[in-house]
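Structures follow.
Okay, so chain A shows up in both of these, paired with chain B first and chain C after.
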Partner chain A sequence: MSGLHGVGTVADFELNRFRTASLDGKEIGVVRTRRGFFAVGSRCPHQGADLCAGLLTETTMAPSRPHEYVLSRDRLVLACPWHRWEFDLETGRAIGAITRKRMAVYPVEVVGDDVFVRLPGGDG
Partner chain B sequence: MIDCELHPLIDRLEDLLPHMDEATALRVSQSEFRLPPASPHPGVDVEARRLEGGTDPVAVAASLPAAIDRALLVAAQAMPTPGWLDHGLAAAFVEAVNRHLVDRWLPADPRFRLAIALSPHQAPLAVREIERHAGVAGVAAAAMPLIAVAMGHEHYHPVYRALSERGLPLLVHPGGSEGEVLGAAAIGGTGPRTPEETFTLLPQVAQANLASLVFNGVFELFPELTVVFAGWGFEWAPTLVWRADSEWRGLRVAVPWLRRPPSEVIAEHVRFVVDGAASALRPGTWEHAALLPESALVYGSDAPFDAVGPEERLALAPAGLRERIAENAVSLFGARG
Partner chain C sequence: MAATAAEPLAVAGTSGIPGSAERSLLVDADVHPLIRDTSVLAPRMSRRVARRIFGSHVGTFARDPNRIPHPSSGLRLDALPPSGGPAGCDPAFAREQWLDPYDVNAAVLIPVQSGVVIPWGDERASQEFISAFNDYLLDDWHGLDARYRVTISVTPHDPAAAIREVERLAGVDGVVAIFVPHASVSLGRRQWWPLYELAADRGLPIVVHPTGAESNLVDAPWVAGGLPRNYPERHSLLLHPGQSMLSSLVFSGVFDAVPSLKVVLSEYGFSWVPALTMRMDDAWEKGDRELAGIERAPSDYVRESVRFTTQPLDEPADRRDLWRLLELMDADRTLLFSSDYPHWDTDDPDVILRTRLPHHLRDRIAWQSAVDVFGPRLGL
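Moving on to the complex of A and B:
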């Protein structure tokens, strides 16, 4: 069943800690960050590791000249725990164009104290 | 077809003396200095090759197969300098070798092109050598042996800059002392004890330097540079490329200057010579070749050491790849071909 799916209340979500839910046959990870709520498919598009056990950060390495290291702080980054592939938490795109595979991402809506994940295909 | 690896042999030290300053000439002629043998090639005697005409440019030109349009001269005797402790002498020696080849070999046949030899120890001396000869008609590349400083190190940046600015590819070739002499490129593990180990493990040196080039961002800094591995084989390259791509994906934060997979960088900037060091006469070798980008391979005879004409060496290459190998060399040298 597509559309909006309740995944808890705002108070249920510890900052930067994923909670998972099985929605419409999909394992979805939902996280509250300083930049809002985000929902991702919990399986890494590489080899299926549990992305919700990965490292969530606000920094990664920006493209630079050789042997210069420049931090990028313009996005939230989720790194897979198995092979450290990094994905943009908002878009699902791989950081650094290391692959064309994307992490699945879903819109999150907060209505009052309730948190909903919108899955594609339904009108909610 | 361009032969990207033809070794001109130098007959006698006396041939080089006119190309040295008087002090250096006196020093080498009245000391223990000896003209290096063609040591990268075990079991090959310069004297024996001299008798076969390997030191005579006219005879060598006459022996070129009909299919060869041009032949790049790579002075094997200028490659053993990594083990020399006198870096100034090494630079003076390769300068004399280059002057001799420009003077005697290039005019001998319009098909000859020259890879000017570089001594790798001191970049300013190598740059001076590039500046000295890059404007000479027929100079189409530079050739350098490898030392214990890997090719990704900043040590070489002035050399890469000078080559890039002049459109000269850099060919790297074994020098014969890899893994055996302090200062020469190392071979891993505990080091070889026998020549058989050395030559079996020689591709390690190329692997280490290729990885160093790619991961240290040399081609990001010098996007016009092409590096040609000659004398190391190529069968080992596909697995290195796969591994490099895999490591890059997971460890990109350590090399954020690499904005595309190493395989793409290598396809654009690196070539491997199918010469005597490659097992080109075994069918299985070409299964490896098929795993490399089509841009990767060029042909080299390795004459006079392991002289095999292009028809024979590439006989087992898949249809279409032979033509591509020929085209790759044309692209490699561009206007300098």
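Moving on to the complex of A and C:
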């Protein structure tokens, strides 16, 4: 099943703390931040560690070329709890372009007090 | 919305399910226990030494400031035990998070925390701390779960005391190897040979492993060429002490003097082994009388007597590059799987064994070569 999936109410989400759900066969982590809600695939594309147990920062670096370190406070970055690969929370791109692999990201929609994650492939 | 059990995702190169790799057994040759507060060891020591170590102004964690810290943490962020304390301090939680889900049949505990004694000037304090440390791990880790097999530490300051410690514990169930916290003395030096003779006689491999003291603490080995400027640079160079130990051991002639000695160089990397052994072989051929005591080519001794561990696995873009290096180092007999749990760069056994290493080496690296070197002490 694809489309919109309810994942709770706004009050269910502690600031900057992931909650996980199994949606459409995928383990999804959803987090409320000061910049809004974000949803990611919880398994790191490197070795599969649980990204939702990682370090969410605001921020160390912006997405950039290898060996170009662009400091920024405009983006949220999620670091894997194992090898500290870092991903842009919004785009899923790896910081520093250390890998072409991306963290899976999904749109989140808030309707009233309800929070939904939109998975690809359906019109909801 | 409730948290759910992990389900497989279409993640390239991973199964997503711990323990799902096609293998029959798994020996993890590098797991790190940590004592949350080493003052719990005080009752196992003499009053003088306990006061010396844990007196009101000095604790074992009052070590020199780490000059090159990891930018976030040297430990896995998801391995903090619910009971509190740092990752690795709770053997029950480590069992729940690592041994059980990954079907680890034996976990070789390498207590690098004992390396805290390296800069100590008080040999007796060092020895008593080490003994208390060993007893604690045997009681609290192996005592909890027999899959935990303990690498007993010895003091790096006093070879005679190190021998007494091995004689005290060699017959104890759960003891699988001897960990020498590497201080600045080369391991091929003859002062260590009596320890090696005893180790070989009792069927105990010698294990060495970075302790965190490298390029950090007084009396520790240094990486070559000067002080690294940051953590990644130092981490990349931690192979230096491993290379030095390997050449020191081989060129000392100890493997001729103690043919059954086995040495495990853990977490120093391995992709450098073919290059160094080729160079050592060349030096041996041209060494003339300088190396008259070495009966065979260095690579022969390495193949026969030295083992390396997989973590941190080098991950070239084309994994066939790594496979070629594995062939050159006879990895079917010289390489042991290791995870480094719960450190920040833990390697997942299913990912490493199923997707990074060639299929025909899987069982050799996963457990068979570990059985060859540690023997029945693994309890398998």
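By definition in this document, the second predicted complex is superposed on the first by the 113 of 124 C-alpha atoms of A that agree within 3 Å, B and C clash if a C-alpha of one lies under 4 Å from a C-alpha of the other, contacts with A are read in each partner's own complex, and residues count from 1 in each chain.
Heads up, the rule we're going with is that contacts are C-beta pairs under 8 Å (C-beta built on N, C-alpha and C of every residue); 3 or more make two chains touch, one makes a residue touch a chain.
Just so it is clear, the structure is predicted and the values come from calculations on it, not from any experiment.
Colleague: By residue count, is chain A touched more by chain B or by chain C?
Modeller: Counting residues of chain A touched by each partner, the higher count goes to C.
Colleague: Per the contact definition in the header, classify A:His83: touching chain B only (first), chain C only (second), both, or neither.
Modeller: It touches chain B and chain C both.
Colleague: Looking at A:Gly92, would you say it contacts chain B, chain C, both, or neither? Reply first, second, both or neither.
Modeller: The answer is neither, since A:Gly92 touches no partner chain.
Colleague: Using the superposition on chain A described above, determine whether A:Ala49 touches chain B (first), chain C (second), both, or neither.
Modeller: The answer is second: A:Ala49 touches chain C but not chain B.
Colleague: Report, in rising order, the residues of chain A that make contact with chain B in one complex and with chain C in the other.
Modeller: 83-84.
Colleague: Per the contact definition, I'd like the list of chain C residues that touch chain A in the complex.
Modeller: 1-9, 11-12, 14-16, 71-72, 76-79, 344-348, 351
Colleague: What part of chain A is in contact with chain B in the complex they form?
Modeller: Within the complex, chain A contacts chain B at residues 60-70, 83-86, 95-99.
Colleague: Touching chain A in the complex: which residues of chain B?
Modeller: 216-218, 220-221, 248-253, 256-257, 259-261
Colleague: Note which residues of chain A are touching chain C in the complex, please.
Modeller: Interface residues on the chain A side: 7-8, 12, 19-22, 25-27, 41, 43-45, 47-50, 53-55, 79, 81-84, 101, 104.
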